[in-house]
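In the two assemblies presented below, subunit A is common to both, partnered first by subunit B and then by subunit C.
Up next, the complex of A and B:
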């Protein structure tokens, strides 16, 4: 039972990270209608910039994540302006090729600055908490709490604030949104910036547990794509439920079956969902 | 005053509008008559900036608008309530209406206009928390017109507001269009229902195959034998 509770918290922490990364990707899909294959690379860059501010500059941990998140917001806006915006009227394959190009660019950039070797970001938050007899590391509690706060703020932003509502408006009806005076280019920039910001928070939170490397985004990329397909492309509740469900399934399988199988759970579930309910679990009908 | 001078526009390689010139005078109700495929929707999309002007010019209250984007055109005072409504189906009626005020989102007039819209369509008060997509066709049309009014326009463009509605609802919708016009907002209306729309209009144009073939006062168009034969079924 202690092991189970331990692993449940591990799953929740991992789920928080997956959610933050997946929500950005699903928002970008909803607004720009493209799968942003460079998403994992933005996550990786966010981790390195957090690492830079924490270890090289020496700012406090949460501040380092905050600075990195703001910088990545700007990178996301730049990616939209320089790469996706010029391609807005071209076929979808062009976007995907451009996104893969951006991914390689970011990986090469990280490698040029920080080298190809794995880097370790030391846990700034130490100690453990006893919950129901299980020892839970404080870092994991920080991840869970931060993820919940960020998700709540995001929900408020999208549902209540006028700028957040423009994201939903574009998702639901692009023509209608243009006619009420919303500028789709501005919303596209905002959305990509937001997705990079959220990915950075995820990366900064999980970096002390995992190692940093220029290709660390690749595995995450595959998983967040699995999550948003699972939850239904463009669906926010789908990304949240999908993120936690996948993380818990992964942790439990790794604990009770084998860690090698744990890594494959995402794709077993993905194949099963695509076979049974190809539109995802949280969509009622095909949207375009 | 809205003035289109020799405007051409279209899709891909083909022009749909061929040198269309019309004027909509301030505060007047101008109706565009024409069969399906005559170019009414293209004309309206071109005015509101959803489609590009290929030749000619559009001016509104002295400003050149033929290169402007839709968001600038709404700000200039032209609101377009499109064919097919294009509501935000999963959002509540109230959110749909309030997003209509996006161009002037910090204006103090918003609440005043919101109250006016609910006065015009009282049923929307009851439905304000429901998703717009769950409403009946007539009610959705009211939301679409209301959302366009929320931008505080001086000219409202209505593309076939009665399309697909039951005859009794058509009457209500056209009555509210006349009411909006009586409140001082200029209206540019396209309609299949020529008789009913000419009855509330000041001026009318007949569009055929992307060209203006007739332009006259509404009352004279009503009695014009060509119009009667083609659109009034007399």
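Up next, the complex of A and C:
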């Protein structure tokens, strides 16, 4: 039972990270209709910039994540302007090739600046909590709590604020939204910026329990794609449910079956969803 | 109209850039092979992607030794020779490594190609003694590469199978009889897991399930560690790259593990201490850190390494052994009196070993090369990091490379 509780919390913490990363990706898909293969690279860059502010500049942990998130927002906007916007009328493969190019560019950039070595980001949040006999590190609790707060804020932003509502409007009907005066190009920038910002928060939270390396985004990239396909491309609730479901499935299979199976769960789920319910759990009403 | 001219301008500038790149490329290719007394030492290794840190460590060793050799002066058959390092990135892919090696041998006429990865070496062994001839300076502890009977391979590090018995014995003495397996899922990691499993069972210890995980893709080690600890082990086998290995050990200590660790040779205890507290690493058996060697050149090597790579970086055997390896090859060239006949260079290695200058003896210098091409050091030692954070040397008996 202790093991179960322990793994449940580990799964929830991992789920929080997956969610934050997956939501950005799903938003981008909803608005720009492209799978942003560079998403993992933005996550990696976010982690390094947080590291830079925390370790090299010496600002407090939360502030470092905040500054990095804002910087990545700008990077996201830049990525939309310089890479995806010029390609908006080209065939879909061009976006994917461009995104892969951007991914390699960011990886090479990180290696040039910070080197290929793994780096450790120390967290000021230390200590363990005992919950029902399980030892849960405080950092994992912080991850879970922050993920919930950020998700709530995001839901408020998209449902209630005027700028957020434009995202949803474009997702639902691009032409209709343009007709009522919403600028799709602004919304595209906002969305990519937002997705990079969320990925940075995820990276900043997970970095202290993992290591930084220029390729740290690769593994996450695969997982978040599995998540948004499971949840339904473009669907926000889908990304949230998918993120937690996949993380808990992964940890539990690794615990009760085997570690090797745990690592493949994401892909088994992916194949199963594509075979049985290709639109995912939460199908969007509007498809292009 | 404006948009048309702009796109044309873009196309023109793109063509210009491509042209410039092509020109530089040919210029590079032609330049290095035309100078008579320059010998290219080829290197193909992972310089980008997940293995980049490893590849860079090897490269630092090669750069250091080539600088030192050139400063000392290499003289082959009465002519001074300048060594030049040419590195190509293979991203850890054996097929790319093989084509890189081919390119280095054909275009740059490199008599020696260094490769730090068993898979890549096996691929290069298909092409190094036939149409093109070159010596592979092989940095891997997988004995399969000498079992291949390739006449032009020089294997540098000790055979990893030598460690299993002594590691098991030491870890059992300091921990207990029940072992948990938490190694990495790479091919090499799995070979180690098997080797440790065999040795542990032979010593009549108990082994839990295989909890190997892919160190490169797991986002949070807490889950796998909890699972391994649920078996209530007295000792845990860990190992992959140093830094993730350190994190796993830290997590195990956090979750209350007090037994001993067996650390695979890929992870280096002193390098691990840069990402976690030394306390988390105590009570472990692993390979001896470079700084603990007492070869005649070790001290100077450490100093030079600090100047080159920065005081914060820990020198590992990837750097030190390749430093030593190229020094041996350079001496073998002098003894053989040739820089372009890899067979003669290979034959001369045994004769060259005692003649290598003391400054190049840094990390368990070998005193012979086996017929199959494995450099053997007379005393191989591993280490036990005890409760006081002291490294105690553990002598290792070397096993035969035969299957």
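One rule holds for everything that comes next: the second predicted complex is superposed on the first by the 285 of 288 C-alpha atoms of A that agree within 3 Å, B and C clash if a C-alpha of one lies under 4 Å from a C-alpha of the other, contacts with A are read in each partner's own complex, and residues count from 1 in each chain.
The rule we apply is simple: a contact is a pair of C-beta atoms (placed from the backbone, for glycine too) under 8 Å apart; a residue touches a chain by one contact, two chains touch by 3 or more.
Keep in mind it's a predicted model, so treat the numbers as computed, not measured.
Colleague: Look at A:279 in the shared chain and tell me whether it touches subunit B only, subunit C only, both, or neither; answer first, second, both or neither.
Modeller: neither
Colleague: Under the stated touch criterion, which partner chain does A:123 make contact with: subunit B (first), subunit C (second), both, or neither?
Modeller: neither
Colleague: A:172 in the overlay: touching subunit B, subunit C, both, or neither? Say first, second, both or neither.
Modeller: After superposition on chain A, A:172 lies in contact with subunit B alone.
Colleague: Which partner, once the models are overlaid, touches more of subunit A's residues, subunit C or subunit B?
Modeller: The partner with more contacted residues on subunit A is C.
Colleague: Touch test for A:182: subunit B only (first), subunit C only (second), both, or neither?
Modeller: So A:182 only meets subunit B here.
Colleague: Where does A:115 make contact in the superposed view: on subunit B (first), on subunit C (second), on both, or on neither?
Modeller: In the superposition, A:115 contacts subunit C only.
Colleague: Name the contact category of A:215: first (subunit B only), second (subunit C only), both, or neither.
Modeller: A:215: touches subunit C, not subunit B.
Colleague: In the superposed arrangement, which partner chain does A:6 touch: subunit B (first), subunit C (second), both, or neither?
Modeller: A:6: touches subunit C, not subunit B.
Colleague: If I apply the document's touch criterion, which positions on subunit A are contacted by subunit B in one structure and by subunit C in the other?
Modeller: In the superposed arrangement, which is not itself an observed complex, subunit A uses no residue for both subunit B and subunit C.
Colleague: With touch defined as at the start, can you tell me which subunit B residues reach subunit A in the complex?
Modeller: Of all residues in subunit B, those touching subunit A are 48-50, 69-71, 74-75, 79-82, 85-91, 95, 99-100, 102-103, 105, 147-148, 150-151.
Colleague: Which stretch or stretches of subunit A touch subunit B in the complex?
Modeller: Residues in contact with subunit B: 162, 165-166, 168-169, 172-173, 175-183.
Colleague: Which positions of subunit A touch subunit C when the two form their complex?
Modeller: 3, 6-7, 10-11, 13-14, 17, 107-108, 111, 115-118, 120, 128, 135, 137, 140, 206, 209-211, 213-215, 218-220, 223, 250-251, 254-255, 258-260, 262-263
Colleague: What residues of subunit C sit close enough to touch subunit A in their complex?
Modeller: Result: residues 47-50, 52-53, 55-56, 185, 209-214, 216-224, 226-227, 230, 241-244, 247, 254-256, 274-276, 313 of subunit C touch subunit A.
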